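Dumping the structure here so I can ask a few things about it.
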């Protein structure tokens, strides 16, 4: 196995294996950015992996007041699922439970003009118990749902795009603190338009593998190859010498390009922040449609 | 350059201007547009006699009228798409029974702006009308969908029997607004006395209105920042109908008024 | 006078048992004659279908009710303007056309005689003036008598219901107005509605303020008309129009009139049973059974056609019912002593259970009825739809494939409650169409010179291309001849004929005035002596049909 | 002294047809008494020294005047036909026929006053009744800003006031009118508040509360009376419908009446601007499909949508029936005037009463002048020829 060095970091010659997913973007606005963020956090919480949460979601970016449909500060959220139906169900649940409930918010479609869409306000309006009203503004229909505070405004439907889920980087360092600092630097660099990092802070410490050695019924279990404590215990450990802790960053993006470029940013940021070892997770290349070889990320962003 | 009609001189009689439809003129050259006839009083008069025609009806579907068109009725009436921009005043029935597109009037409009024709129960069914100045009586009468917005004042009786849709008058909606309002929104930038069939509901900052005001800015209307920041009093009515319509009256920047 | 020979056409003249025979029809001096001279204009009708001019036994085309509907619905005419020409007056069409346009369009459809089915006698001058402005067709009107307080008074006088005085009064009223026949609309019910929004619900309900019941009104007026031998029998719009379960009322009304001649208007609206949930069901078969046992009774169907309509009726409470069902516009007008009026623009939707059922019941009446001489074509224009929809209705009757397609578009829950999908494969023949659109209405109206092409008949003839598409065929006749003059060719009017007023007259004792005058004085706000229409400009030209007498 | 009658009086839209005229020299009296009717009759029988026609104020032959009128109309760029005061159905039929032929605008309102704008009735309809229905059934009659005692002097009598039976007269008017003086209940807000009052009345009648306490208490007396009767009538006219907002006020009244109809019978009665107005309106409706003001300029009838006076007519033809000033008046500046026989005095015909009832007009006093209808027919021939 030959890789390359980036600063102090050894980059393994492997690839991240990713999958086609469907996604939507909603823009949550509120009276203040803080309340928009509260709603966005809540909406993207417990949306880390499709296996456990039926969707993956993350805060994509802040949207300045002048760029939101209602002129208030906003947060863009990306939500991924395996198909359009899944996106529709999850968006509806989450906007209904976490955005509609959150003070002062409104919720807009972040993919206007998309070819396919799923209903949002069109379904949520029934919460209005017949008292809801609609407005068509600049050709788009919105629903006004009366709530205790006033009105919750939500778009009729949200566009659904074709995205990529499961891009990843695994970052290791000589100790836990250094590894975490490198991973955080990577996550910071990776966030941005078109990218969602669904795990807390963007970082996973319990990377997983499909299935389990000990049981046929477990869908996933710990990535024993990447667990430093098992380095001796298992035969196929991938933890190199001098690496005491590893963190994974899982990346969902709106396109193959977006994922690749986010990985490039992350890789270089990690290398510059003390990472000793950078690799990626895959399933042997048989499951995912998209492969992101780390060898292609050598050039800086 | 968009197809541009510049008024030569005031017409001898009132002109029915509805045939000047941006979509209907799309693809015609200046000569063909000039040869079209408009009803002027009892006569048919070629467009070219009334207007200087320049530019061409480009694919953008924009038609520009320039001049004081006070004696032109039905400007943009029945429009279904495209953009009609008027630099000057227009007569009555502008945008009547419009179903789509944008009508921008930089000037004042006459009575029955965006309204239903006599006897018709539904007026505008879509589209946006933006007037920088004032409008006459009964703007948006019978409106079913769409937006009529004024930078200035609306005459009395705005939103008469409005079914749905929005009438905004930043300079103040006139008296007697919203008789028979079913589901429509009437918005006044100045206080008025609502009809007795309306009752006060609440003060709020309606997010939909905020979006509409931003849309008006995009359509070239000056919208004071305080309207965006401010509080609006919602009156519900017409209570003898469904009580699902609303009259939103500007209540100051922090609702203290 | 023009002489015309229509040669080589397939003649459908069911009144004279001619069923498609190829023969010439000769016209001279406004009549059908044996032969015409060699100089006669020859119309080559080879390959065409020749029928008598159409006769509409029940439509609403003139008078204050129709005019009220015009004022109520200007928007329905905006997109249907009719330009003036050097010959024609301008006008507007839509569901309630202006008068000239009404005449032109009936003529373009091949109709030459139309009956306005509900005129308040007090408004006779208005009705007459409108009919005068309705060219191209001969016309008649029926006067409303089922809620007339003066007649109620006469009925409750000793022996009144069956008295000569009542007969004289009915005859007097026809003479005073120029009317052709007698119409009863919701007898007793309209009076109660005008009083305090009331109505009657059964034939034995009492009409407050008068000791009469609907049954007594039916018996008394129906009897009087029968005994007078008016050319057209009593024309009945029964109680409970439009209400689920009303077929019982209709049957009871038929039984009440047993033994007397009577015509039932828009039977479809009176043919409802009661299904669960308060919805109507079809009782067309029961009514048809009764009719087939009672040849003295006839009906027109009052077919509803999907799409826009304007309901207009002297049955004020029906108008109020439609108002309460959510009608956007509702016009009501109460005419003192005599009648009421309700007008509501309406839309029949194929997807609606009730509307599809009404549509289906109308077709059942046509298709299950045994004798086409008893069941005539009408849409109760414009209540069930415009007279302009007759060609489509004819196609529904003549073309099973087309009918099945249309049945497929209607609310299936309703269709399942009718006999339409039970292998009802009847297709009307051209002769049967000729019966229900001309021969039978003319016969029922007592117009001996109309509805047929025998020698001496009026020279009212319609000649159609024989097209497979029966709607197209009946929508645009090749030629229409009115009173011996060629007026329409291929959808174009070529000549304007005024048409005449058809009035009926029966003998009466002029002394009846002495009885009527004080009753008038108590109830009307017009002077008795000014009530009868005398102005010849309104009453002429008229053809007066004498009553047969008892 | 001579006595004529009974005749139908065209002195106002009531068209009382039980009128006996007593003349004694110049003195004209009507039985039943009516000063308006007497004046109407007197004016139409005192035609001393009037020529049959004038052109530019100079006496002229009728034929010459017709020829000039025809010439004016033929060459008109934008003709209008208006008036109809005292006109008959026959006059209106002939006038609309002429207007159709020459592509004129027809209006039975004034051409230079405020326009009514869009009609109210098509929006929600209306409920109406003939006089006899109101007299026999209505126990409350509300007269809205009209003074029939002056304009329709026998109206109250013909609706049963002063006769047997209990009925309440309610008058909405702040002015001290003769009608107001007879009111059992008066409501005195000013005209500007009419729509507010109608909206309030409608709301209160539905059991809703309104914030305007003062108005609510003023209306309470009327509401109490309305609540207890089975039949109520609202009489209205130009006092409600004329001028800007007239359509809204009429609509609000019809809405109120429609709402009242849920619990009782309720009707309206419209007082026309002039005798002849109702006839012309009905004729326009049946000949064109539209009432009010109709334009034939495009070759077919169009409902006039003007919301402000049209000022572009170069030739107007005013149709009036009889009287010293009545007749056909044609041209800019009334160039041609032709005297017509007065309908109901010297010409027979038909006219529609304010409630729509058509009545025959008699001609108790012969006059050689032709009817307006006859003149209009001759004018049509000349215009065509």
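So that you can tell them apart, the chains are marked A, B, C and D in the order they are listed, and the count of residues begins at 1 in each.
To be clear about the criterion, a contact is a pair of C-beta atoms (placed from the backbone, for glycine too) under 8 Å apart; a residue touches a chain by one contact, two chains touch by 3 or more.
From a predicted model like this one, the values you see are computed outputs, not experimental measurements.
Of the two interfaces, C-D and B-C, the higher number of touching C-beta pairs belongs to C-D. Every chain gets a centre from its CA atoms, and the centre nearest the mean of all protein CA atoms is that of B. Chain C and chain D, compared by their mean Cα positions, are separated by 34 Å. Centre-to-centre separation of chain B and chain C, using mean CA positions: 47 Å. For the pair chain B and chain D, the distance between C-alpha centroids works out to 35 Å. Between chain A and chain D, the centres computed from C-alpha atoms are 77 Å apart. In chain D, 119, 122-123, 298, 303 are the positions where the chain touches two or more neighbouring chains simultaneously.
Among the residues of chain B, those in touch with two or more other chains are 117-121.
In chain C, the residues that touch at least two other chains are 73-75, 78, 328-329. Of all possible chain pairings, those that touch are A-B, B-C, B-D, C-D. Those residues of chain B that touch chain A in the complex are listed here as 126, 128, 145-147, 166, 183, 185, 202, 204-208, 210-212, 214-215, 218, 228, 244. Of all the residues in chain D, the ones that touch chain B in their complex are 76-79, 103-105, 117-119, 122-123, 195-196, 199-200, 202-203, 206, 208, 210-212, 215, 244-245, 247-248, 251-252, 255, 259, 297-298, 303, 305-308, 310, 312. The touching residues of chain D, when paired with chain C in their complex, are 6, 8, 17-18, 89-90, 93, 97, 100-101, 119, 121-133, 135-137, 158, 230-231, 258, 261-265, 267, 282-283, 285-291, 296, 298-303, 348, 350, 352, 356-360.
For chain B in complex with chain C, the residues that touch the partner chain are 117-121. For chain A in complex with chain B, the residues that touch the partner chain are 69-72, 106, 133, 135-138, 142, 144, 150-153.
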